[in-house]
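Take a look at these structures.
Okay, so subunit A shows up in both of these, paired with subunit B first and subunit C after.
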Partner chain A sequence: METPTVPIPISYVSGRYLLFSIDAVTYLRREHHICGVLIGTLPQIPQQNVFLGLPLELMPEEARLLVDKGVACIVDETKAHDGMKSLLEEDRRQYLRELDSQGLEASRKLSDRKGQQREQVLKKLDEKAKAKAIKALENEGEADTPASPSPSASVLDEERPSSKASSRTPVHTLAMGVTPPTSYPPLAQPTSSQHLPPPNVPLSYPLFAHLSSRGYFLSPGLRFGCQYVAYPGDPLRFHAHFLCVSAEWDENIDLMAIVNGGRLGTGVKKGFLLGGPEKSRTEAETEAERVESVRTFSIEWAGMPPCHAVSGSNIWSAHFKPGESFGDETFMTIESSSMQIEFTLLSWSPAANAGKMSMSMKERRIALSKWSVKLWAYSGHSRNSTMKSGIGKSHS
Partner chain B sequence: MATKRIENPMPELSQLNSTSASTNPQAATTLQVLHNLQHQHLWTSLQIHASPSNSTSSVPQESRPPLISGIPPNRVYTHPDEQLYMLEQGLREDDLRPERLFVIPTAQGQDWSLRRMAAVFDSLDEITVAADDEADLEKRPPQDEKAQKLEEYYQRRETANATLEWGSKRVLLGMSNKGMGGDGTVVYYIVQEGEVKPRQN
Partner chain C sequence: MEDKDEDAVRGTSVEPTQVETDLSDETQDFRLLSHLNLYARNADQGHPLQANANTHIRSSLTDTSSPGLPKRGEKDFEPNPTEHQADVLSKSRQAMHDALAHPRLHNLNSRVIAYYAPDGPAPPPGIDIEDPARFGYKGVGVNVHPDSCVYVPNPKGQYFKTTGQSDRWNRVWLLPEEALFLIERGSLDIRWPIEMTAAPDDESPEELSIPMSLQAAYACFMGRAGLTLERYTVYTGLKRTGYALARAPGWDDSAQVEGLKDQSQECASQRPLKRGAGLAGILEQIFSWAQDPLSTRSTAAGPVVGCGMHRSYNNIYRQLAMIPWYDPSLAIERDPLDTCPPFRVVFHAYRPSTPIKKSAWPAPDFRIAVVNTRETASIPTLAQLGALLESTPLDPPSGEKMKRLVYMRLRHGYRNVVMAVVDQGIVSYLRISDAAFGKEKLHETQSASMGNKRNGNFRGKKR
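Our next item is the complex of A and B:
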């Protein structure tokens, strides 16, 4: 774990902010909670997209945050590599020699490790053989008590030198090819006059910087339909806590967006975080000022189930209010403590219309949360006759 | 738990339709949410609080929604760390005294912004709740050991509230369905200020 020299140069290549040094990538992840996205794939298997490697692409927000912290600087890669042409021949040679020696070092280490592994395996085999011999000896000993352990021991000792000799394999010293990911050893670190200005960032940058300052790891939110996904620790160890969406202070927020975010968040065991800076870009002089003024709100689905799916008693205790009459039809209103229903009573004589009742009824369905209650009522011709009513429950 | 249902201090919907609805659409939404709380969720001692007029908030008075407050029959929100503490102490949610919760009544399609949300949270401290039957609720028979544990819990909660360990100020955002026939659905979302970790993760 090497700590790279600060400021770390972030390569700006055709609109992307890239890091090519593994030391820089691990350092930024460890110390500054910047994860980025690995986008490098193998030339041989360009389709594979599960295990990606260097380079690491940073969001403009991440790059900006690092620049604002003074940890990194933005370097235009094409311009920086103009220096390659003016490199002296002698410097070039020395650099190549250095690469060669690095390759040799690498191959030496590799063969060393191979040798160690080999030795370990042989040692294990040795011990196994020894254990076997001792066991055999003990078995013999049961039959013949004054058995001497010396002959078997000598056998083992004889085996020893041969195994030692076999572990000494000739070290294969062919220099490995080394491809350095960065070009900063041959080239000088770019000076501050060569640095590009801090990246342009979207309006959501203050929320990003605010959450980052609270120790959250942020990653792009496309996966969860939000702007950023906030992890309370390294994403490899923790599940995300929030789906974050930023808004300007006076930006109109559709309430449906809150429902969408809240429901989705609850569905994936996360909170929906809505936030933004109190100051607009015209009000604040710097982004830092906007970051200072950020306020956030965590939203979760309340998940309040209805306390009761309309109990019958509420309807039975309803009182009926007579409404207006139009010819045969009387509009009536039932008011109960849990609902108000307007429905139509049709004049209906049981004797004359036996069997036709269902035809002359009007139904009103009232949906109450998950339950829909069907309420129908009918009465006889006279208002004084007994009123019958029924309640049907159906799960919708 | 006190199950006494208070007399309905609010106008019935039918009266609302003829009177206040024509003057202020916000009043209709407020009442719809209030009725939903009262009848579907059986909340008690419900009150409507007009947004404080002396507020220094930058949101104009007329576009600030009134707030509803009431006491839910069951606890609506428990912070995960609080839940852990209660579990360790052997306390159940039913043991705690009922708490008043604020609700922002809104309707689908209504204008909403961070400024308004912040204004609601800022106004929470200024709202005074008429102390009605909450005093009775506190007079519960002490049960020796449990009462002592409860006392500890309340003390712990006070410190937690100061450090925001167990979440911060919270309100319910009630959203009623308007348009598309308006089937009377009201959905509720818990809104807390700041980053409060989710209940299940």
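Our next item is the complex of A and C:
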């Protein structure tokens, strides 16, 4: 695993962001928690969909995050490959020589491996034959069966010398053909003036960047009916914890969407996380400013309390009760004329800072119109100070 | 050795236990793949004697008596600061690195070389065709698709049974997705066109043709003639599991039905449906029924069922059936181009068992539309979905099992289409079918052959 030179070029191909270099993929995963989605076929086992290989497809959010961090740059790959036309004779020959030596090395390794495997298999056969022979001998001792020992003995005699001879003969000496994963070399890395501008990102980018800055690994969420799936560690080793959906601060959220998300999350043992920046795109000058103002809520399904009627009201109303036994959890109850749904609104913060939050949450109210919820917060403090003492900033 | 592993993997796809657990659900444990790796950096690699003792995983996998896909690895709930966890993680990452770093090699005996043709199909250099129009595109061959961009001068091997089309000089022309898939799986060695990279004064240009890298192949083929990454992801996903695929007539998003060109920008599904029998027509029926006094004449004044002798419940039910229902078998078939992209069939998929003749593709087993979640954020409207379904041929439930089981019939429907929804490389397949609840009269459950004669009970009254 070599560390690639930064900025890492991200290939922009037909409107999508791809990575072809294995070192870049490993590095970004290890150091920047960017996983992407592998979409290629693994040449060693091509007929299955369980393990996939390069290229790695990056979400525009991922590419943008890396560019903003200065770790990566965007390269228009189609344009870059026009450079093949102006390749120098010298470079071409050198490149072909290099491929040739790679092919030679591969074929040498392959033949080594084949030899090893053959030896192993033959050794096993040997052992089996020996065991058989011993067994046969024992059998012979007990019951006088003359037929069995002779074939096994002949196997022992014939197999051994031939196996030793064949395992030492080299199988391949010619170089194999190689399809390299990337085109650099023979192409020269594009200069910074040829880089494309940072990718356009959807409105959900601040939530993505916020969670990523908190150390979460994020992957596309269609599988779980959300926008992003958040993993606490590398998805190779850990289960996802949150199903994330982003919303603008003033955006009306369908109450059914919250209920659906909550139920879905509970069904797959994950929390439903709703979040977004307080500042809209018109209020903030840069995306980075929006990322700063992100606040997140996670919703857990608490159960179905008995129905009880609230007469004369078709307005959903909700209120917080400070949750004592749950640390910084707070209950939210939504009532309507005929039914009551209760779920937990969990202020989301890094585990280390749990418990700091309950005070400010106590004063918050949530008003819900009939079928759409507008999350808005007001408290004794100004909005800014709430934000500072609130969930989004508790990390510092 | 690679072939052997491939076979082993293929063999298990029919095993029932493997099918039940959806392995692709989460990220896989690449450590379970290390046995396949040529370049695995294990210290014990060089010493077969130790290899067996050290890694039980590998020994269990190399054991040919239990071939199969490695199962999903165990995962932890959340990170903790133990060294054990860090160790396992770094091993997993190393294994993933090794698996992905595996080179695409071409054995000299079996390698297939192809050439990239940036300008599309063309006859071999030096050959002039007198009457090009007679032999399809540019006189190359009637079957060769104009969007093809890679040719294989000397096709051999199993891969060309269902991919590519041969021209008049026995070269096989590949579409961009076909070529890209073959180079990606390491089965094709595509070269840059000689005239593009070699200087003209070279003595042996054949030897100096430069192999295309995977990256170059993506850069050149992706976006070519309507090939999006989403369509390609669906294509490879299905190819890897053994399906054969062909482009459907609706491949080109901008293509429209001849007669509709004047209303060019207006999408088919946005035009009001006046046909009556379509999915949307049912609403019209309800309204017209409610307004038309004639249809309710007999029941306007009295009870729905009416007075008199009632000898069977079936008659009563039949008289009670006054809600119009949609009969998909009567819907008029649409032209595949009379739909609204992306809700349009772009791939025809064939099961591995379906015999395929490349020059005349049979009727497809599945019709697939590809939708990108980032471009199409909402689910299709009823009109879009109706148009999509009506563009597929009638496929009524048939067979002994369908006749017997009413829910199977409902699930199968009368028309069906597969929608592949792609979210940044992750594909979900949805099968959408046109169920006919009105055709299933539950009050006549005893026989399965009730179908047609009672089909238009209400309808008959109305017309």
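As a working rule, the second predicted complex is superposed on the first by the 232 of 396 C-alpha atoms of A that agree within 3 Å, B and C clash if a C-alpha of one lies under 4 Å from a C-alpha of the other, contacts with A are read in each partner's own complex, and residues count from 1 in each chain.
Please note the rule applied: contacts are C-beta pairs under 8 Å (C-beta built on N, C-alpha and C of every residue); 3 or more make two chains touch, one makes a residue touch a chain.
Source: prediction; values computed, not measured.
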item	value
Greater residue coverage of subunit A in the superposed arrangement, subunit B or subunit C	C
Contacts of A:Asp250 with subunit B and subunit C, given as first, second, both or neither	first
Touched partner set for A:His239, first subunit B, second subunit C, both or neither	both
Partner chain(s) touched by A:Gly262 [first = subunit B, second = subunit C, both, neither]	first
Subunit B versus subunit C as contact partner of A:Gln120, first or second or both or neither	second
Touching partner for A:Glu138 - first (subunit B), second (subunit C), both, neither	neither
First (subunit B), second (subunit C), both or neither touched by A:Met84	second
Touched partner set for A:Leu211, first subunit B, second subunit C, both or neither	first
Overlapping contact positions on subunit A, where the subunit C interface meets the subunit B interface	232, 239, 241
Interfacial residue positions of subunit A with respect to subunit C in the complex	1, 11, 13-16, 18, 20, 22, 25-26, 29-30, 35-51, 53-55, 57, 59-60, 77-78, 80-81, 84-85, 87, 89, 92-93, 95-96, 99, 102-103, 106-107, 109-110, 113-114, 116-117, 119-120, 174-184, 186, 202, 219-223, 232-239, 241
Subunit A-facing residues of subunit C, complex	1-2, 5-6, 9-10, 13, 23-30, 33, 36-39, 48, 52, 69-70, 75-79, 85, 88-89, 92-94, 96-97, 99-108, 111, 181, 183-187, 189-190, 192, 196-199, 208, 210-216, 218-220, 222-223, 227-229, 233, 236-237, 240-242, 373-374, 421, 423-426, 428
Parts of subunit A lying in touch with subunit B, wherever the complex brings them together	211, 214, 216, 230, 232, 239, 241-242, 247-256, 258-259, 262, 265-266, 269-271, 273-276, 278, 295-302, 304, 306-308, 333, 335, 337-340, 366-369
Sites on subunit B touched by subunit A in the complex	12-14, 39-42, 72-73, 76-77, 106-115, 117-118, 121, 172-173, 175, 183-185, 187-201
